[in-house]
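Presented sequentially are two complexes of chain A, the first with chain B as partner and the second with chain C.
Moving on to the complex of A and B:
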């Protein structure tokens, strides 16, 4: 499987993250997105007319939507990361995958304006991003009240991976996460998953200070 | 009020390969500027109807709001024809331009911010090194900086002890010379050129001149963007926002000697745009 990748792209990171969590080897082909704009080059437009990355190529299969890539990798290597046969779970997973596009557009757009000199209406992007974060916070709070940690059912799923990166990088677009406790707990749970990998701006969990009581009992 | 000394320094304002003939509006030291590509045959910069002096060097366009009393610094090592010259591209950071430079001069954060790349949490020690303000060239230099690095460069195969030299030739520019894995005896040149927009906002233009026959240009760009973007999220959370020049504000350790010299040099020259002079 070949991933056309940019190290600073949260959408590319979704694919790298799920592949790492499921221990799936990826052949990474770096794309000079910034400053080179290679994703708009003739060679890459031939592969993906939309001119976006990531692009995932596996034999004859070419995928250009990160949600589809997550579904493909999970379907092959981690069926537990896909909603099962429960219609509510299936629907909620689709709901969050679609919701992740709002995060990409709003928080991702604000990030590109604030960080890499892209053009865009920053206040409007930030406002849409905050509206999406408020919705996510409310949903995760409700999940916590009913004993859940992740977005769908009882386990992490591709819905979490689809939403996590642009939320975690909201501060890059000058949108603070300080006021969303449920989102912060959810992000911590994702960062604690075995096989988690970081990207710039999303840090790994560093070891906590030693437990003083455990130390004393030695 | 901004001291005039900083107006007379040179600043990067764009990649020569990325200039727009129609002009791009930007800022320098809080003043509006417009940066043009080949408008009059050569790149140019205007501010409030004035045409500013320009220099084309290191892949970037440089300008000054005042009257520079010396030429933009040079990096003779970077002229070697076999080096790969890497335009890393701009990254905007919501921090003091002086903070961005100071962070670049620091090695103690490597194990914690660039974990498993430029440092390892198991090897946090910064051994003694030498720092001086060289009066003849009016630059800050740190030499004999040694540090264990799991992946010092794109071209490094595994963990090595890397030697560094740091140089500050202009108030918002720093040059790093480091062990070059494929060419012992030569130095890789990695720079941080900072365009001060306001006192707490800057555009950072990293640039490199490397010996590396293996890595593609995109690989080299991505490696440096990875490193710098790890710094960015830390820089945007540093407090106080402006770099404190009052010694009462912070207690440095031996590992901070380069930073101490940089701050002393800034204060000596009244390079205070982005600095905090009195503890609040």
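Moving on to the complex of A and C:
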């Protein structure tokens, strides 16, 4: 499985993260998204006419939407990460996958303006990002009241992986996460999953690693 | 240029120092898990509130004395708080215990992260820069449900609930349930709200209070937007 990847892209990170959590090997092909705009090159447009990354190639199968890649990898290697046969769970998973596109547009858009000086209406992008974060916070608070940690059912799913990166990187677009306690607890649960990997701006939980001072005193 | 981000944009704002020795509601107890640190605010500035592995609560300034990194980005190990940047480690008294780059150095007592006073009542975490004379206000028959920030003013929030502000709080009903809104202004246009509800509510009633709180925010922010 080949992933056309950019290290700073939260959408590419979704695919790398799920592959790592499910211990699926990926052949990563770095794309010079910025400043090279390699995703608009003839070679990559031949794979994906939309000119976006990530692109996942597995034999004859070419996927250009990260949510579809998550569904494909989970379907092959971690069926527990897909909502089961319960129609409510299936629908909620679709709901959050669609919601993740709002996060990409709003928080991801603000991030591209702030980090890479893309053109965009920054205050409008930030305002719709804050509206989405408020919605997510309320939903996760409701999940906590019922004893749940993740977005759908009782276990982490591709819905969590689809929503996590753009939320975690909201501060890159100058949108604060300080005021969302249920989002904080949810992000911590994702970062504590075995096999979790980092990307620039999303670090691992250092307290889960051995204490260097205790090691030194052995 | 006016900051578009309502909260936590890194702006260090200050208000009158008269609030230094007052208990301020800063978080819901249940939102600070053992072994974690969270950001919060006092009128005097940003703070980091953390719960040790054994469940004890501490607070200090949200700034590492080394390079100014926010300690709320750091991590808790056992009964200590560490900075994410260079790992300076602080104890429950706020004193620096370890400097990883100089493992053989015992840090001088003068290096500390500005310890604050904390207390918990009704599932509310309170903090104060200087020790208040009295314990924090206790609301019998209530417990903390959730917190949020309303981009508005206490007066607009009171108007949206048809209630008056007493001791910095509003007593009202939300979703048909008794509720107390503790308020902590975060600046001229932001109010941290911590809602208290009756402890024996069932799941549906708690959700109703939470939904009504969201509706109150829409209403209070619309009032403010129209002004």
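The rule is short, and it goes like this: the second predicted complex is superposed on the first by the 207 of 218 C-alpha atoms of A that agree within 3 Å, B and C clash if a C-alpha of one lies under 4 Å from a C-alpha of the other, contacts with A are read in each partner's own complex, and residues count from 1 in each chain.
Keep in mind that, in the parts below, contacts are C-beta pairs under 8 Å (C-beta built on N, C-alpha and C of every residue); 3 or more make two chains touch, one makes a residue touch a chain.
Fair warning: this is a prediction, and the values are worked out from it, not measured in the lab.
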(request) Pick one for A:61: touches chain B only (first), chain C only (second), both, or neither. (result) neither
(message) After superposing on the shared chain, does chain C or chain B touch more chain A residues?
(response) C
(request) Could you say whether A:142 touches chain B, chain C, both of them, or neither, answering first, second, both or neither? (result) second
(request) Considering only touches as defined above, state whether A:174 meets chain B (first), chain C (second), both or neither. (result) both
(request) Could you look at A:98 and tell me whether it touches chain B, chain C, both or neither (first, second, both, neither)? (result) neither
(request) State whether A:36 touches chain B only (first), chain C only (second), both chains, or neither. (result) first
(message) Tell me the contact category for A:185 with respect to chain B and chain C: first, second, both or neither.
(response) second
(message) Quick one: is A:206 in contact with chain B, with chain C, with both, or with neither? Answer first, second, both or neither.
(response) both
(request) Under the contact definition given at the top, report the residues of chain A touching chain B in one complex and chain C in the other. (result) 174, 203, 206
(request) Over in the complex, which chain C residues touch chain A? Could you list them? (result) 4-9, 27-28, 31, 33, 35-36, 38-40, 72, 75-77, 82, 84, 89, 98, 100, 103, 146-149, 192, 203, 206-207, 210-211, 214
(message) For a test of understanding, state which residues of chain A touch chain C in their complex under the given definition.
(response) 122-123, 126-127, 130, 134, 137-138, 141-142, 145-146, 174-179, 181-182, 184-185, 188, 203, 205-207, 211-213, 216
(request) Name, in rising order, each residue of chain A that touches chain B in their complex. (result) 6-8, 30-32, 34-36, 38, 114-117, 171-172, 174, 200-201, 203-204, 206
(request) Spell out the residues on chain B that touch chain A in their complex, using ranges where they run on. (result) 15, 17-18, 87-92, 94, 112, 115, 121, 203, 216-219, 221-222, 225-226, 228-230, 232-233, 236
